[in-house]
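Okay, so chain A shows up in both of these, paired with chain B first and chain C after.
Let's turn to the complex of A and B:
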């Protein structure tokens, strides 16, 4: 076996007890964001933030210049000296030192982040596990090569040659299983000679995480030709088990050793940092997992950008991340409209004067000037309608990807005669979802919090009781790295400063008939005191409930409706308030909107009024 | 022709004439003719609709959807796929249905470049099986991977065949086992052996006495009608889809009439005075 090389050294982190002041940066493609976290009255809080343009590209070609600029802004705002005269991050010399920080940490997605190609024997099995490992580590998966991907070998070689991944993850075969096909995959990759993105002076990293019996054969294939092969434990030692940890860890190491080490200025940044630099999405995934496990809840996070949408989910022990590469609000907006169809976008627009033709014009304008933001109410409504569809489609893709393992033997009894469920069912269960976290421009910067909440409810269709929140300033990446060195600090900042709680959505699942009762409710503890009544099909209600407030909700669903305890069964539980408050959604699940434009528009209009989404 | 023979012929023809005059239409069975006509109309109309582009929704059959999963498992584990098309000959409709499914399994196996083994207990089934499997490999674009020895004859003897297949399973440990056809006492022996070696097993049979064994021991089981519907499900051809829908509509109608008839007859027996209604239902079944 080829022993993995050691990752480049970063500065050692002090013991968690000695950490009181933290500087964290996230080096994005365009902006470097810095935050200052300090322990105030025994609790960690994010106190200041600063940002500066990222300086990976020429003329600076040194990422640390942007970091220094962003931290300098922190310095100015906090009055605390954080930069040494030589531009490095200043550390405190003693617990009473009024200047400097205890640790500095960073994430990075500059230069397109981590881009990988993965390969496996069967697309739905080892190739899918490899994809899960890569996505979980924060990578963008450029393509997945598999024995059964319907492409001829020459087409696969051609595709590999076209890609310029940062690294390749090769898997295939269970331990003691297939060796022939996984070696054949290696034999496709080796002659294709994929070239790395950053220069040609270093060898293409290949991580082999397949059948251990095939490792020798794979090594033989990659021993010449400029590859840097490392062998880690099989990510599917048996089809019943998935072991993504070693592959993910190795991806992080290779990211530091190869990708970061060759990006401008990152060697310096790594020396400054007290923890390994993580890919931004990987860090977001880590903090979401830490929160979900800390609170023992199921959580979904979404980050909608201009070109892509990331969805993260934690259901029980399972963490999944997907990147929907062509679903975004600026460069990908045309693709969202093409995939969803204009009729589906139009259903979220309540304005009578807006028709399909106008929507098309707006899409084209956005394509010409993708980075513009809405300047009028109509433009905002249009953009939020598109966002609903982009989020919905991204979530559909996520549900299809986040599945139980396929190829596992089932154990049956005679009782299963008429209910033989297939393996590989989705792990994502909206009824079990406890927390839905939004981030990304269109969600974070919506003028009213109600708009963010409504976009989440419409796109994700949460069922039962679900808390809604948004990441205030996209702080989750910073906290993801912080969680690796100081878990408590990360959790405290996440709860107090990172998340803005919008409130709770209660949505009975079942087929709603417009105007017919869906559930009876008694809410004790909303701002107005106690709310009581009947929720009708197609109806939405909102009750103001301050952010830190808790209320007791008793929901008695009608026959055929479920709020978590089974059809028709009442549920009483504590709910959390927020800037929006409590939303009761009587539209049923799955959400089916009226089929005619007029009816749909009238319904949408009533929901806009019920939640006070837009002025006027 | 002798006169004796001629007289016998005349008498036979005379009897036939009398019989045909009396019973060419059996009036008491008019209801059955009506049912036949209704079912035929359902089937023909459905076929015409399917040919016209109407898409009929077919409930996904978990056992067939799991074929990819089972063959994928065999591929990842580097083990063969085992297919048993029952123990009956080609004159049995279940064997024919089994061979239809062999085509699908064979194509998936060829796509995945996995190994398949088809031991059979009838020589004619071997010939038909080779044809089916060869066509599947051709359809998958891998005719070179097809080897006709993948389908081979073992013995006609029920337990001799069972012993051979069980031994094969223990020795080669196939990762996916398919049992598609008519089975008798060997069903439990085969499926328990397959379960013990950790294979994904998919069974299909219309032999009701064997279904509980398959359901308990296998991962997926095609039950009775599902087994026969499989060819329509797999091929998606308009004629087969239309026929499937027509039969389903007919079954739904017959089921509804049966339920209403039972209710009417029960009510008639309990309260009386429903002679008209009960008579109507009796006439529907030609009673």
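Let's turn to the complex of A and C:
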């Protein structure tokens, strides 16, 4: 068995008690974002932020140049010296030192992040577990090869040849089970000789996390031909169990040893940092899990970028992450329109005049000039309509992926006969969802918070009671890695500075008939005092409920509608306010919009007015 | 000095152009430093490993994988032809033997006793890199390729499809504002880099392809026409590998948009000269734009220098890449998409846009004398 090599050394972190001042950076594909976190009156707060272009590419070809520039901005804003004359991050010499920080930490998605190929014997079982491990570690999965993926062996070899992944994760077989199939997979990968993305100077890392009895055979297959094999515990030791931790940890190590070590300037950055550099999405996943477990809630987070949309979910003990590789708001905007169809996008537009040819050209112009921003209100409305579809499609993909383990034998009783539940059903349950967190340009930079809230509600269709929030300045990656060295600091900053609470959405699930009652409500504690009335089908209402305000909401759904206690059953509970307040959504779930463009436009117009989405 | 948020596309009458012509894997360089090359001169060659064809021999023979080595008719490393017997079962009492024939031509690379699978490795696949432009080899990168250099005029487009091509420049539109349609394309376009004016129509693209043009370059293109040409809706702007038979380059953007005056007149002045074009576009970190490269001889360089000097004398000098009052910019987003003007003011404070967002802006004076306020992110410099 090949023992995993040690990850490259980073500077040791001081004890948590000695950490009072933190500098954290996230090196993105285009921008390096730095934040300063300081303990103020016994509580950790994010105090300043700075940013600078990422410098992975020529002419700099050194990521630390961008880090130094971003931290220099922190220095200027805070008045605290944070950079040594040689450009490195300055550390404090004593607790009273007015300059420097106690630790420096970083995440990275520069250079396209971590790109992996995964393989498993059965597509729905070991291959899917392997994909979950890779995604959970923050990777983009370029392709999943499986013995039963319906491609013929030579087609699989051809595909592997075409890909240039940073590493390959191979799984297959339960411990003690068949060894032949997984060895066969290894025998397909080895002759295909996949070449790593960053030059041919290093061996292709292969992580084997399959049947332990097959390890020796797999090792034999990869012993020649320029592979660097490491063997870790089986990620699916039995059909009933998934054990993703060892594979994920090894992916992180290989990310540091190979991918980061070959990216320009990362050897230096690793030495500067007091904790291992994490892939950005891996860190976001970690902080979301920490928050969900800390508050004992179910949470979904979304980060919509220019090229991709990441969705993270924590439901009970299950964490899942998906990357929708070509659903984004600039580089991939054309793909969103192609996948969703223009008719689906236009159903979110309340304006009458929209010429389809003109819109199509606009979409392509955004694709080829991705850094432009909407100048007119009409352009903003259209872009937010596209965002709803990108988010909706990404969430559909997430729900399909985040399932119970497939292939597990179910014990059924007579009572289950009509339940139709089976292995592979989605873990994502919108009725059980407590918190929905938004981040990414189109959500974070919407001119009005109401627009962010409405995009979330339309795309994710939360049911029952759901808190809505947004990541103020995309700080979750920094806090994810901070949580690994100082959990309390990460939590405090997350609650106080990272999240902006938009408010709560209450949406009865059931088929709504436009104009017919859906639920009666009594809300005690909105800004206006008490709100009471009947929510009609197709209706949306908004009640201002400032800041951290809490209110008591009693919802009595009509027959056939559910707000969490079952159809027709009343629920009374405390709800949280926010910058938007309380949203009552009477459109029913699943959300079905009117079928004609005119009717849809009229409905959308009434919701725009109800939530005061746009000026005029 | 404020830097432009979006760097402009290059429209240069002359300059030193270098092209790195590299093999995907190490191989042999066929030229030496100082050699003159043309677009079609082979400069480096290598062989990619042949296709691997897996064969589940044990299954096909009805044998156990561990028995396989003794059933092979040819040892590992042997060359085999398609249909040539490579393994035979023992049969029953020496009778009813099953024979397996090779599914591919090549060499038996491996035979697995664990899985019973054999890999037949096909013939190496030759890969050749050519010179792309007419110029001189200025650097040989051992075993990898060369750098070819030329004094050339270079025009970057905003978007293109299909890869490298070359041919003489033929300008078919009388003005940069003229839509490029079928009546502009005829048999004389064969083998040429055809330069239109404003939007190119779907019919013009089809006719240019039918007439055997090497490339079609124009100001704009409708998204629906691109979809018709490609046969699918392009989702992300990563192109260059399409096998369309015609390289298409758009200089300004999608929709009804005229080619920038400077681009049109530069190409017009180069009519008849041999151009190398590449439609490959990658709009990601490490952006790659399509290009039209026209190598110049000494007289061409002298003429280009004189033209540039005259243009510079007539305008105020500006630092490259800087956004300052008086520089020429192109507006790259609606409601003024494609319009060209000069920077009239650069207010420091962010302004509230019609969308309700707050952003840093600039004032642009248009050719009709009117002044519009535009987010800084929505203009690009027109760079020389």
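We adopt the following convention: the second predicted complex is superposed on the first by the 602 of 616 C-alpha atoms of A that agree within 3 Å, B and C clash if a C-alpha of one lies under 4 Å from a C-alpha of the other, contacts with A are read in each partner's own complex, and residues count from 1 in each chain.
One rule holds for everything that comes next: contacts are C-beta pairs under 8 Å (C-beta built on N, C-alpha and C of every residue); 3 or more make two chains touch, one makes a residue touch a chain.
Quantities reported herein were computed from a predicted structural model and do not represent experimental measurements.
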Contacts of A:447 with chain B and chain C, given as first, second, both or neither: second
Touched partner set for A:568, first chain B, second chain C, both or neither: neither
Partner chain in contact with A:172 - chain B first, chain C second, else both or neither: first
Touched partner set for A:237, first chain B, second chain C, both or neither: neither
Contacts of A:547 with chain B and chain C, given as first, second, both or neither: neither
Which of chain B and chain C A:180 touches, first, second, both or neither: both
Partner chain in contact with A:126 - chain B first, chain C second, else both or neither: first
Superposed model, chain A: greater residue contact from chain B or chain C: C
Contacts of A:147 with chain B and chain C, given as first, second, both or neither: first
Doubly contacted chain A residues - partners chain C and chain B: 179-180
Chain A residues touching chain B - in the complex, by the definition given at the top: 121-122, 124-126, 147-148, 150, 172-174, 177-181, 236, 239, 406-407, 409-410, 412-414, 416-418, 420-424
Complex interface listing, chain B residues touching chain A: 62-63, 65-66, 68-70, 72-73, 75-79, 111-113, 198-200, 211-212, 215-221, 223
Sites on chain C touched by chain A in the complex: 5-6, 25, 49, 51-54, 65, 109-110, 112, 114-115, 117, 119, 121, 158-159, 222-224, 226, 233-237, 253-255, 281, 283-286, 332-335, 337, 353-359, 374-375, 377-378, 380
For the chain A and chain C complex, residues of the former touching the latter: 29-30, 54, 56-57, 110-112, 153-154, 157-158, 179-180, 183-184, 187-188, 191-193, 200, 217, 220-221, 307, 326, 331-332, 334-335, 337-339, 357-358, 360-377, 379-380, 445, 447-448, 614-615
